[in-house]
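Letters are used for the chains, namely A, B, C and D, taken in the order the chains are written, and counting of residues starts over at 1 for each.
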Amino acid sequence: MGGDLNLGAIHMLKLLTKCAAIVAVGALGFTGALVSQAKADEPIKIGTFLSVTGGASFLGDPELKTMQMFIEDLNANGGLLGRKVELIHYDSKTSSEEAGTFVKRLIFQDKVDIIVGGSTTGNTMAVIKQIQKNEIPFISLAGAGVIIDPVKKWVFKTPHTDKVAVAKIFKDMKSRNLSKIGILSGNGGFGKSCQKNARALAGSAGIEILADETHGKGDTDMTPQITSIKSTAGVQAFLYCGFGAPTSIVAKNFKQLGLTIPHYQTHGSASMRFIKGADGAAEGIRIPAAALLVVDQLADDHPQKAVASAYKAAYESRYNDSISTFGGHAYDGLLIATQAIERAGSTDKETVRAEIEKTNNLVGVDGIFTMSPNDHLGLNEGSFVMVVVKDGGWKLSQ
Amino acid sequence: MLAEFLQYLISGVTVGAIYGLVGIGFSIIYNSSQVINFTQGEFVMIGGMATVSLISAGVPMPLAMLGAVALATIVGVALEKFCIEPSRNAPVVTLIIITIGASIFLRGTAEVLWDRNFHSLVPISGDNPIDIAGAKLLPQSIWIVGSLMVIVCGLWLFFNRTLLGKAMLATSYNRLAAQLVGIEVRNILLLSFVLSSTLGAVAGILIAPISMTYSTVGVMLGLKGFSAAIVGGLGNPMGAILGGLIVGIAEAMTAGYISSAYKDAVAFIIILAVLFFMPNGLFGRKVVEKV
Amino acid sequence: MSLISVEHLTKSFGGIVAVNELDLTIEPGGIVSIIGPNGAGKTTLFNLLSGIYQPTAGRIFFADEDVTDLSCHELAGIGLSRTFQNVQSFMNMSALENVMVGCHLHSNQRFIDTLLQLPSIKKSNRECRDTAIELMTYVGLKDYISAPADRLPYGALKRLEIARALATRPRVLLLDEPAAGLNPRETQEIDDLIRDIAKQGTTVMLVEHDMKLVMGISDRIIVIDHGQWLAEGTAEEIRHNPDVIAAYLGEQGRNR
Amino acid sequence: MNWRQPHTGGMVMLLAVMAVLPLFLDNSFQYEIAIKVALNAAVCVGLNLLIGYTGQISLGHAGFFALGAYSSAILTDRYGLPPMAAMLTGALGVGLLSFIIARPILKLKGHYLAMGTLGMGVIISIVLNQEADFTGGPDGMSVAALTIFGWEPVTEFQWYWIAVGFLALCVWLSLNLINSPVGRALRAVHGSEIAARTMGIDTTHYKVLVFVVSAVMACLAGSLFAHYNGYITPSKADFFYSIELVTMVVLGGMASTFGAVIGAVVLTVVPQVLTVFENYEMMVFGGVLMGMIIFMHKGLLPTLSEFIGKRFHEPDKR
């Protein structure tokens, strides 16, 4: 600004643009107000915010698909408490700041009854303060143990903690007499958290990390890091912590460099995409994953068999896409939430919260949930299995 | 020791060639319009993703590749016609923001049209690595570097031996003078978008077997390609290739010898250092202030 | 005391020597024109004097002080201002603001005062504005006071630059082809303006191709060729100097 | 015609809107949007001084924002500094840092400057991501509550006043700066750097000055954001946030302080509206952004004002 201006015009203009802004924000409020009338016949609202796009879209995408499918099926079967269920979802774009805003929107604008969401630890941690302050039941779908440890009154979660996956890998290594390893991790939240856990758990598990490498977002070639690990004397096994395209790239690079030491990846690779993308190079790679991934190979009396096969069949036929284990977290989250509401007989937040806490022997896709005031995860290591890539598919490892 | 060094070098050259391929597109469009076209990465994405989707629809691979390149070129033309041309008189920053808007639009469209998964393409000559003194080289890397050289030669011939190419070069040096000697500057601009979208898509197809392809693959590649073009000196396609190689090799050597966690940071520090001593990049045109 | 003197001044670009071992002295007062064939190094000399280029060798003195190493803005600070061959107006500002920028050295530039818009800043703004209006009127741009610079015709921009340069209150004003691109009537007006500026006590140095203008207006004329001193004198002396005629023959002999 | 009046008028209008807006906001979410608008706008007002007025592009200001946010988070959490002290230390640190890097970086011009600032931002972002022991890595870290001389803002309503107060301050300072010899010097750098130098303007000095001012504004906004949000992740240092900020400036109208504010309003509110498009959200956003700039490439404010007042003129055409 500055200089000689036509005053009338600029004043009017400023008024107009400001008004437009007010109208925009106001309109949001108005629609919100309209919807929040008439409590009785209005649907039960389940809110979610997921990383459908952005860095963790490999989590959010199947999670959202699963939730939409779950809610549709639920409504087709008469809904909940005789009411329809409405899923209100926002794409956090994997940004924690956006996640924070959307949680407020869910709570205050949409006035949801419960929130099931938060694909990543960052997204989840960023909203916990709001959840606790505004007292709304929240089931997170993210990995880190810090979400429920220490226990927060209103916060629950469904997936195994990241720690469990690493512990499982280390246990498998030890059972094969591998104790000196090199790790490579992606620099995103998932990879960094896995790396942190690996460092933390190594000592007690009797594992020694000889090489500790990182790769960047969008990297197209990891041979330098793997070469560096390869040339580290004494490395007996290799662990890759990451997700998405790099999982396949690492498998290919590993093969290219002619490495033959045992190759481990994490549950971030638990998707057929990984095997297809690696184009044969994934053979022999071992990963820890939810039993869901190899549900066909489970013994018939395995507790997860029935519910997991049903979910897998429904998802794959509906989306014409192979399942990933992440959708399973969302499935379990909704299962816990809807059953708690059912038991509570209302959507009263405190009652629902208490009912979630009382979840007992609930058979989900990921395992059996038994929660308590001291345990807001309620899942043991049991349902986590080691699988190995064989003949272009997943094979349960004994 | 030598094997490791060679391995880092192979990685650096391969990755650098990829950055260079993307960087060339930035340079060509910059030359004819002074615009940094941030959709260059999306051309790469379209090349890869369209090939994948055409193949999965049953189209034979060579045809699928052609189809993908054609699609990227159409997008490039549309971008120039509907976004850049109507705004020709806008400031450069504004044009950059338009291309950023376009890149968001194209990514969003790709996610709706295709999917958010990552895909691979079958390498052209298999994936049995070639052993060079203990270092392993993938045939696809040879394809990438080879194509880059072919493209370089092709561009050189085009710019130096054809009337059209010379007209493009003339336009980049002095738009007004070019106009005065009867060069249709608007067509040159369009041509530059055709060229770089085509090159982008070719790059996308070539690198997919190595880097995978997905809706956001162009984001980081675009950024690195831009860095390559800048380090080499904007407007000089050969500079973009050299810039790409510098960035690629710096990343690989840092990851190998110093710290893989800070390899991108080191690459950027090298870029900043180059710019500190050569504010117009390695081969950028020196702008003598004429008053 | 000489106002400006240069000793062995040399500037080369790569292999091309634009100004070569040049010595000259400018006395204060009056109008001094620098002429020479195309490529003689006139504009380069101006760019060296005003600090836009750093010389390859040689010294520059301003009022007997060595100012060779001073930068452009420091030279402006000691009283040297200029206009440009290709107009360099601030097209993102109004015409008036262009001239106000010229007052920069004589305004309050203290950052804290500025941020808080202290009364001293308001006073500075007011004074700047008054000076600028006065100068615009002086150079004959009264009608353009509230116009944005990019709406001014070319001839007006040339004068705007002169007004802007005058706002710095220079002791010496370097005018680089002030009449280029102007029609005869505009040239005559510029001619009058330059005479008046000199009359007010500012030394004017002029580079100009319009020989009629140069011959009519200059108190002294310095001829350079190939970056070297060739001749110096009054218009009459230069007109009859055989070296000058030789230098110009076939190239600039027509005296437009 | 009094040339100073548009500023006063605009300022009065801005304050009036700020004062009246709470009447239209009826829940925490809407306040949150308003607060985010205000903080983004504050950054944009500073950035606009650099990009719009001085003509020096920066694709790295998210880095300064994040440095502010993290210095508040880290200094209060790890070193027990009071929030205000942490904020000022952060601002001082960022001021110093930007002062040191400004000289070499601002030697670059145009796209090379874009690259230089981008590289600087990327390096900051990488450090924040990698130094997990200090920053919590990509998962981020929580930030202590703000206390201002013992008073602790808790509600969104209180935060609203802090945010808009900060914005008003930034706008006021920016208007003061522009409307002064220093401001004209900045705009002269944009118009013709060489001519500015011959007018006695030390262009390097002023470029550095405005770079530092805009960095410190971004840094303070970052500190406030961190305290308000209570949680901070490195995504705020991301290259994309830098781009978003520049987009706000360009969209609103370069070299227009109120334009920058309007750009921030639009680009913060629009994504909230676009969520109705679900899967098509990103596509629509890209399309809308492109469309707005193609049809109004001078920016929203200048274009609209030209539309309304036929003879209205916005000084900056670059």
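Methods note: a contact is a pair of C-beta atoms (placed from the backbone, for glycine too) under 8 Å apart; a residue touches a chain by one contact, two chains touch by 3 or more.
All of these numbers come straight from a predicted model, not from anything done at the bench.
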| item | value |
| --- | --- |
| Most central chain, judged by mean C-alpha position against the global CA mean | D |
| Pair of chains ranked first by number of touching C-beta pairs | A-D |
| Chain at maximum distance from chain A, centres defined as averaged CA atoms | C |
| Geometric centre distance via CA averages, chain D-chain B, whole Å | 31 |
| Approximate Å spacing (C-alpha centroids) for the pair chain A, chain C | 70 |
| Distance from the mean Cα position of chain B to that of chain A, given in whole angstrom | 34 |
| Inter-chain centre distance, chain C versus chain D - centres from mean C-alpha coordinates, in Å | 40 |
| Touching two or more other chains - residue numbers and ranges from chain B | 111, 261, 264, 289, 291 |
| Touching two or more other chains - residues of chain C | 52, 84, 88, 93-94, 97, 146, 148 |
| Set of chain D residues in contact with two or more other chains | 1, 3, 126, 130, 179, 183, 187, 194, 255, 281-282, 313, 315, 318 |
| Chain D residues within the chain A interface of the complex | 1, 3, 5-7, 9-10, 13-14, 17, 20-21, 24-30, 32-34, 36-37, 126, 129-130, 132, 137-140, 142, 175, 178-179, 183, 187, 225, 229-233, 235-236, 255-258, 262, 265-266, 269, 272-273, 275, 278, 281-282, 300-301, 304-305, 308-309, 311-315 |
| Interfacial residue positions of chain D with respect to chain C in the complex | 1, 3-4, 55, 173, 176-177, 179-185, 187-188, 190-192, 194-203, 209, 255, 313, 315-318 |
| Touching residues on chain C, where the partner in the complex is chain D | 50-52, 71-73, 76-77, 81-82, 84, 88-94, 97-98, 100-105, 107-109, 111, 114-117, 121, 124-125, 128-129, 146, 148-150, 161, 164-165, 167-168 |
| Touching residues on chain A, where the partner in the complex is chain B | 52-53, 57-58, 61, 184, 187, 213-221, 223-225, 227-228, 231, 244-245, 248-249, 252, 255-258, 273, 276-281, 321 |
| Chain B to chain D touching residues, read off their complex | 30, 36, 82-83, 86-87, 89-94, 96-98, 100-109, 111-112, 223, 226-227, 230, 234, 261-262, 264-265, 268-269, 271-272, 275-276, 279-281, 284, 287, 289, 291 |
